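Reviewing the structure listed below.
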Amino acid sequence: MADLTHFNAQGQAHMVDVSTKAVTARIATARGRIVMLPATLDLVLQGTAQKGDVLGIARIAGITGAKKTADLIPLCHPLPITKVSIDLTPIPEDHAIEIEATVKTTGQTGVEMEALTAVNIAALTVYDMLKAADKTMRITDLRVTLKDGGKSGRIEAE
Amino acid sequence: MADLTHFNAQGQAHMVDVSTKAVTARIATARGRIVMLPATLDLVLQGTAQKGDVLGIARIAGITGAKKTADLIPLCHPLPITKVSIDLTPIPEDHAIEIEATVKTTGQTGVEMEALTAVNIAALTVYDMLKAADKTMRITDLRVTLKDGGKSGRIEAE
Amino acid sequence: MADLTHFNAQGQAHMVDVSTKAVTARIATARGRIVMLPATLDLVLQGTAQKGDVLGIARIAGITGAKKTADLIPLCHPLPITKVSIDLTPIPEDHAIEIEATVKTTGQTGVEMEALTAVNIAALTVYDMLKAADKTMRITDLRVTLKDGGKSGRIEAE
Amino acid sequence: MADLTHFNAQGQAHMVDVSTKAVTARIATARGRIVMLPATLDLVLQGTAQKGDVLGIARIAGITGAKKTADLIPLCHPLPITKVSIDLTPIPEDHAIEIEATVKTTGQTGVEMEALTAVNIAALTVYDMLKAADKTMRITDLRVTLKDGGKSGRIEAE
Amino acid sequence: MADLTHFNAQGQAHMVDVSTKAVTARIATARGRIVMLPATLDLVLQGTAQKGDVLGIARIAGITGAKKTADLIPLCHPLPITKVSIDLTPIPEDHAIEIEATVKTTGQTGVEMEALTAVNIAALTVYDMLKAADKTMRITDLRVTLKDGGKSGRIEAE
Amino acid sequence: MADLTHFNAQGQAHMVDVSTKAVTARIATARGRIVMLPATLDLVLQGTAQKGDVLGIARIAGITGAKKTADLIPLCHPLPITKVSIDLTPIPEDHAIEIEATVKTTGQTGVEMEALTAVNIAALTVYDMLKAADKTMRITDLRVTLKDGGKSGRIEAE
């Protein structure tokens, strides 16, 4: 299992030693979406425009969640996050909400897990607030779309 | 926004009052999957059979994550979870790992968020351990497949 | 120090034994306010009406904070909170925001610390979002205004 | 809402990007007080001198609380705190306890929220230990009294 | 591995289903000690008598730690703890501090892990405060000395 | 109490100011063991070889626990951990499991508390999984065996 950096020669998991890696500026973006019934998305859109703010609450939950990444993922390193931004964009034609999170740090390892966690927790929070109205929702297509600043250089994906 | 129970008449979010709901036995199951390159799944399968245990670590992370649900999702109620089990099943023909979590409680509100969170954190943990080998992974199709024990009765989905 | 229930005869702190107390429905309300420059309150009011939602974010932070009470206050008992609601009301004549939190549980001890913590964290969150614009803010007059459901009966204060 | 750094042009909250700010030595001090009945303060003073140590416990809770700031306040950055000290001073003529916390870091953003949180949690902990004896306590006058080390220079207040 | 309740027939770890177990009053006591140089214990004893309170701080840390048990131990159930008390007793002839913690709950599973965690965290906290003065300390003999209230009845040990 | 760095001249505990200490590469190793009945160790060894992985789960819990050190120990500084590795070695002749944890950081203070906490939580997790089969287990001989990288130089112990 030489290709999996989290395992040693005996196949035992450890937190990878990053102590000799350079401290560099790092950024990662992740995306995902939550798909719902058209009528459910209408509820969200009415709320955003007028009163209850489903998307605003999900944004805050996602930012807070990004800060908990090292507590949630056993082998993640704790990192001094320097920025988190999250966009939640309604996509009426797909009756979905597209979620994109960007995280920055200046550190010895990347922040793609923080970006993925931010999208994840934002999506779960949307689910929680809408679940009384819709039992069919799905969270889907969570992936990393940008990673830059480490040894492996810039990686972009759709 | 009368249909969204987390918002009051002014559209302000609150944690729903469940103090008068009956204490009943409740169960929920959620599912999701993480799709990867065929070669990446091969790495996982070799490890599970022999040494490093990606799936075992993800199972533990998911169980621990389920206990953090009320800390992650702003409007979730804290609940005395009485059981969490998680299955991670490799699906070679789809080069994916299917994740299913079941959570039980005896309480005043349901545990579907706990089940979804367990699947989510297990999937993120798989992602973290394999990300050095595969930049193309996607976490997808997270949804609730069973909910029982509350006022709305038994709900099953695929 | 016979009057302080958290200390034993040797003056040592402990978490009070509530195991023989009745499980009853309990409620508590706490209040407090954050006072700022008139121009700062104007920024908040513009934001609430139009775009950025300082008060909505503080409400979410306060609800989440209430769930952390037993983790923050060393001798507090963990409690299954069944409701949290928080109101943040701008008081233009005092250039202040009044914060009121109500918490419910069905348990063996009261929730006044949870209500106070909710107000506190909501106030700190308001402070954080406005501190770049105003160095003069004060959080003040945090107190319990209602407590009911325990052995000591209903207690109301202004 | 151009003056509120936590909101972007669309009024959406984000964690401010501090990745290009200088890493400097930073310090902040915050103060506040908890006012009680004269007889309650007498209980505290007897305890401190002899047996139970209300103030010592509150000091520890405040230090621990300072380390949780980024978990409590949604848009706060996690920071490597290098010092926390807390003084709790009984003020018999006001039947109050004055609390002052000083926090240091070497980082890209200030620590005034950490200092305020330390005072806050220390005050809540005093409240918790004395609440059986006194239903009239108030936590009041929480504010930042010193901030130094960032771009805005030294700011002092009473 | 039929005897290990945390593993299913496939050897996979899960959180044991306690949902059908009776809710009963449960208690557990755990003990342990930290052994140090005689001169180090003298420092502690002077402090307790006069000023700095190593034992008082360790007691608070242990109580707080007991509440984190389900977050620290992956397969532990969250439990509504109803009491924690911790005694730290200097044993001059052994230049050691003996630590005993008792935890109660009314729930569906026992609290021996909570009692052990309380002793553990109290001991680590003593270690932390004394480590500048003594590099030879050892934490030792952590074990459960009393467990009662569940199906297996009362179990006592030295 | 001049020798105890966590206490000031008045004997009050504080988090030591490390802001002027050099940022250096630091490492610490801690060890401990859990002693059990011979039959219990047999259960573990069967599991490791074949199915359930007690030692693998304990390793993950210990790594996660190391990251919580500053949250568990009141006066510990938060540190950007750069490596955690944990070995659990069955010692059949002593019917014990020996646990060794190594932690690294690049920071202003040492990581011996993180290493001790990792061993501790790993040991508690082993205890939790085996407690249904064995009421006689003891966690013992927790100590620091290596510390290097700070002002006091390299310290090794058995």
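Chains: A, B, C, D, E and F, in written order; residue numbering restarts at 1 for each.
Everything that follows uses one rule, which is that contacts are C-beta pairs under 8 Å (C-beta built on N, C-alpha and C of every residue); 3 or more make two chains touch, one makes a residue touch a chain.
Since we're looking at a predicted model, the values are computed, not measured.
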Where chain D and chain F overlap in contact partners, by chain label: A, E
Mutual neighbours - chains that touch chain E and chain F alike: B, D
Same or different contact residues where chain E meets its copy chain C, judged by the half mark: different
Centroid-based (C-alpha) most distant chain relative to chain B: D
Pair in E-F, B-F or D-F that repeats A-F, with over half of contact pairs matching by residue number: D-F
Fitted rotation between chain B and its twin chain F in degrees, CA, nearest 5: 180
Selected interface, B-C versus C-D, where C-beta contact pairs are more numerous: C-D
Rounded Å distance, chain A centre to chain B centre (Cα mean): 16
Centroid distance [mean C-alpha coordinates] between chain E and chain A, Å: 36
Centre distance in Å when chain A and chain C are each reduced to the mean of their C-alpha atoms: 30
Multi-chain contact sites of chain E, meaning residues that touch two or more partners: 12-13, 53, 56-57, 60-61, 64, 68, 71, 74-75, 78, 80
Those chain pairs that satisfy the touch definition: A-B, A-C, A-D, A-F, B-C, B-E, B-F, C-D, C-E, D-E, D-F, E-F
Of all residues in chain D, those that touch chain A in their complex: 8, 12-19, 70-71, 74-75, 77-80, 107-108
Sites on chain E touched by chain D in the complex: 53, 56-57, 60-61, 64
Chain E-touching residues of chain B, taken from the complex the two chains share: 25, 56, 59-60, 63-64, 67-68, 80-87, 104-106
Residues on chain F engaged by chain E in the complex (per definition of touch): 1, 3-7, 10-13, 32, 43, 46-47, 50-54, 57, 60-61, 64-65, 68, 71-76, 112-113, 116-117, 120-121, 123-125, 127-133, 135-144, 147, 155, 157
